[in-house]
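Next up, some structures in structure tokens.
Next come two complexes, and both contain chain A; in the first it sits with chain B, in the second with chain C.
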Partner chain A sequence: MIDFIARHRVASVLAFLLVFPLVMPYEALAINILIFGLFAVGFNLLFGYTGLLSFGHAAFLGIGSYLTGIAIVHFALPWWLAIAIGVAAAGLAGLGIGFLAIRTRGIYFAMVTLALGQIVYYAFYKAERWTGGENGLRGVSVPVLDLFGLKLDFLDPITKYYVILAFVAAALWFVSRVLDSPFGAVIESIRENEKRAAACGYDVARAKLLVFVLSAAICGLAGTLRALHLSIVPIDSLHYLLSGQAVMMCLLGGMGTFFGPFVGAAVFLYLEDVVTTLTRHWMAVVGGVFIAFVLFFPKGIWGTLIDRLARARVAPRASPLRGAKRKSS
Partner chain B sequence: MTAAILEVEHLTQRFGRFTALDDVSCAFLPNKLTAIIGPNGAGKSTFFNLVSGAYAPSAGRIRFRGRDITGHAQHEFARIGIAKSFQITNVFKQLSAHENVRVAAQMLVSRYQLLKPRGSYKALTEKADQLLARVGLAASRDKLASDLAHGQQRALEVAMALAAEPALLLMDEPTAGMSPAETGVMMQLITELAKQRTVILVEHKMKLVMGICERLLVLHHGEFLAEGTPEQIRANDEVRRVYLGQG
Partner chain C sequence: MELTPQLVSLQLVTGVALGAVYALLAIGLSLIFGMLGVVNFAHGALFMVGAFLGMYFLGLTGNFWFSLVLTPLAVGAIGLVIERLLVRPLYGRGIDYPLLLTFGLSWVLIEAMRVAFGIEGIPSSTPPALRGSVDLGVGYFPLYRLFLIGATAAIVTLLWLFIEKTRYGLIIRAGSRDPEIVRVLGIDISRVWLAVFGIGCAIAGLSGVLAAPTRAVNPEMGIPVLAESFVVTVVGGMGSLPGAVVAGLLVGIVFALTSLVAPDLAELSIFVLMALVLLIRPYGLFGKAGYMG
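And now, the complex of A and B:
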């Protein structure tokens, strides 16, 4: 089972996501989980696979959202072009922020990305004419998606879910390919030992910058989808709280695993949804769950699960399970 | 006379007020095995770090095949054919032994390919297997590097350095922390490797390299104290004084 999932990781997650709206209380939550799942997967490319902890990834989610929103609200561009603009803008922002941030390491890297993320926040906050400032950018409405003559009713939540799923699926496939590629091997080697990777002949700075841009573009795509989903871009799309949530989702689900961040996003948002109906202090509950996981299951929900399953399988030989795994699920 | 593969001229390295290496010049001929020896703190590791590109010297030049490479980035040293094995084992711990070597070999073939599966590069997979076999790690192919014994990690280091097909192999105390049996195997391997490429060995234990080197350089207080064949070095009074002096 675990072998099958590992080998067909994108197909498995798709099969699950196809029936996912049926088990969720309502579609909007399912869509939210798709979007933030993608956000967390994009973040994990940098955090879990390259070992760089960014605290400014809300900038890319927000830039994707805003640029898509601006393209639709101010320029009345078609939805697909607006998405392309949002993703490209996030990638470009990743190039700029990454270029500055990769000169630093560890806590300094986290602080530089946080600071640059906040600069982006205030720039969009102040550009009220374009972004609506504090009130957010309203009127990002795309009631009907025209796909080569095929008209999709984007107001119907189920249709909306599957349209967004199509984009998320394509992005997951892309991330999966990247992780399995020679470049994926390079970023893993950088995470393991930067000095050695350089001694092997890899240009560490350049590889870090490339993965930073990829990560920013994936998070930007999550942002563009969110703008279309909400029909509004709230200013807190750029807030550092969202950057923190990406870290939490990754740790909760299991950093450095392919599905982990998605699972983390799902659990986080589901908890938020359920607990808010009981108490206003949902953050305290989610925080408690988070601390419990960090203390007792440092590999996260998904990381612990695949660990247990793999251990159960190799138990007769009593060998440490980490040995044989190649492709992390 | 053949042209030197590596030349260093007036190489100097200062750390603040401390001069670790002071105006050192020498040349290394292709396909020879040379050892740089000296007591602790003589500047051996500094010399190794400079010629392997870990950092740029305070002064002086480094020439590889006649080309000035002083101040080039670490990865450029590796790409033109200078590989190193580290004194402190420096492998990719959470990757398998095979993947460690495969990644090292991949540098020559693909660095930024994003969409092809790495498994489709069959030649790299095979090359990594051959190198593992050569250093005696074939049986540990799928073990995580962190699960290997110390001596095995040292061997893995060497396999990774060889994967880049270097013309010049720099080794910093390759037998550090090895058992006598492992040391013997490693010395045998180094002798074989030196038949096809230039090897520069930085070593603390003089006895170890006497048997296998054609030429020795003795560093002391950041300067070359002596140079010559093992017989000449053994007969050198100053070298004996330095080595005996520190016990």
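And now, the complex of A and C:
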């Protein structure tokens, strides 16, 4: 079963996400999980697969959201163009921030990405005329998506979910292709041993920058979809606390696994949803759960699960091929 | 508003007072990192806890000096518990895990203060003995901010003497160079780590109680402070005491002067400063390239 999921990882994730809204208490939560799952997938490309811990990824989610919003609110552009602008802008911002951040290594990287992300936060906060400042950008409403004559009612939550799922599916397919490519092997080798990857002749700095940009663009896509979903862009979208949420989701689900980010996003947001009905202090509960995971299950829910399953199967006959590269599921 | 030399020099002193707090924050962060290789993401939250406890002790005893001693002890004690129970199991598991853990911890600390003191925060007040202002020759300046500068200078000097001139400081310096050799020499290094983590947290708490009278005390106050103390650490160079002081003052002055000429860009300016330093010296003004690996 693990092998099947690993071999058809995109299809498996999509199959799950197709029926997902049916098991959720309400659709808005399912849509939120979908969007934050994508955000965490983009983040995971950098953190889980390349081993670079960024604390600035909210900048890309927020830029995606804001640029899509500005395109719609201020320029009345069609929705598909607004999405393209949002993703491109996030990728460009990834190029700029990535260029500075990859000059540092190790522990500095997290601090520098956090601080660079805050530049974007304050810049958008102060550009009130374009972004609405503290109140956020309002009126990003696209009631009907016009797709070659086909009109999709974006106000209907189920339709909205599946429209967003189509984008998520495309992004997942893309990420899976990237991971399967020789480039995917290079970034994983950087995670395992950067010096050796460089010694093998790979341009580590260029690979890091490229994966940073890809990761930023995917987070940007999540941001554009979030703007369309909420029809408002809150200023918190850019704050480093939101970057921290991506980190938490990724770790809760299982970093460096394909499905983990969605598991993490689902657990995080579901937990938040349930806990807020019980107490105002949901951050303490989520923070505590996160601490417990860092201490006892650093591989996350999905990571621990596939690890146990794989070990249970391999254990009876220790195969010499155990160390061979397997697709991550 | 006209930019007179008086105004600029007054703002310069304001910048130094602000920078003093930044320098203290960065020293606490740097001390823990230099010794344990841990970036404490709960540093901003501990600063906030320090501000709350400082104002609470002040209200309780009515004596600021008492609160100034008690608060770092309390926050330091919290730090000892954090190191012993949460951070220690993570040594040797990669640099990212303590960072992630302390980030989660900052959420818990924020909520803990919300539960204890309410979500609105508590009023902060300047201790009576330090109210009023002093004539600096170029204009009047709040006494408390001058006290802030003096107190920071005293703390930094004491800390420097402790690290450079005492036997314990020698152990700390040796331990950050080569913990293995220190252990071979018969010193229980894990106790040194525990103590250093506690001291770093105590300094965070101390900067919180010192800064409390100059800003609003609420559970979220540590959130921007964490980002700002990272800026100072990156500018100064991780693990360097002079770097933390110089960068702290530099960041404070840049912030104060920018808010004089272009108030809207004040928050932005210090992050831009950091970006510039990264372009020219990626490991910081006083940093050693070795810490980057």
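In this text, the second predicted complex is superposed on the first by the 322 of 329 C-alpha atoms of A that agree within 3 Å, B and C clash if a C-alpha of one lies under 4 Å from a C-alpha of the other, contacts with A are read in each partner's own complex, and residues count from 1 in each chain.
In this text, a residue touches a chain if its C-beta (ideal position, glycine included) is under 8 Å from a C-beta of that chain, and two chains touch if they have at least 3 such contacts.
Note that the structure is a prediction, hence the values are computed from the model and not measured.
Superposition of the two complexes onto chain A shows chain B and chain C fitting side by side, with no clash.
Once chain A of one complex is fitted onto chain A of the other, the partner contacts of A:200 are limited to chain B, with no touch recorded for chain C. Once the two complexes are laid over each other on the shared chain, residue contacts for A:210 go to chain B alone; chain C is not touched.
Taking chain A as the reference chain, the count of touched residues is higher for C when chain B and chain C are set side by side. In the superposition on chain A, no contact is made by A:153 with either chain B or chain C. After overlaying the two complexes on the shared chain, residue contacts for A:177 are found with chain B alone; chain C is out of touch. When the two complexes are overlaid on their common chain A, residue A:236 makes contact with neither chain B nor chain C.
If you stand at the C-alpha centre of chain A, chain B and chain C are 80 degrees apart, rounded to the nearest 10.
Once chain A of one complex is fitted onto chain A of the other, the partner contacts of A:185 are limited to chain B, with no touch recorded for chain C.
Overlay on chain A (Cα): least separation between chain B and chain C is 13 Å. Counting contacts by the rule stated earlier, no residue of chain A appears in both its interface with chain B and its interface with chain C. Partner chain C is touched in their complex by these residues of chain A: 53, 100, 103-108, 110-112, 114-116, 118-119, 122-123, 126, 240-241, 244, 247-248, 251, 280-281, 283-284, 286-288, 290-291, 294-295, 298. The part of chain C that touches chain A in the complex is made up of residues 33, 37, 39, 86, 89-90, 93, 95-97, 99-101, 103-108, 110-112, 114-115, 119, 223, 227, 230-231, 233-234, 238, 264-265, 267-268, 271-272, 274-275, 278-279, 282-283, 291-293.
For chain B in complex with chain A, the touching residues are 52, 54, 73-75, 78-79, 83-84, 86, 90-96, 99, 102-104, 106-119, 121, 142-144, 147, 160, 163-164.
Interface residues of chain A facing chain B in the complex, by the touch rule stated above, are 177-178, 180-186, 188-189, 192-193, 195-196, 198-204, 207, 210, 320, 322-324, 326.
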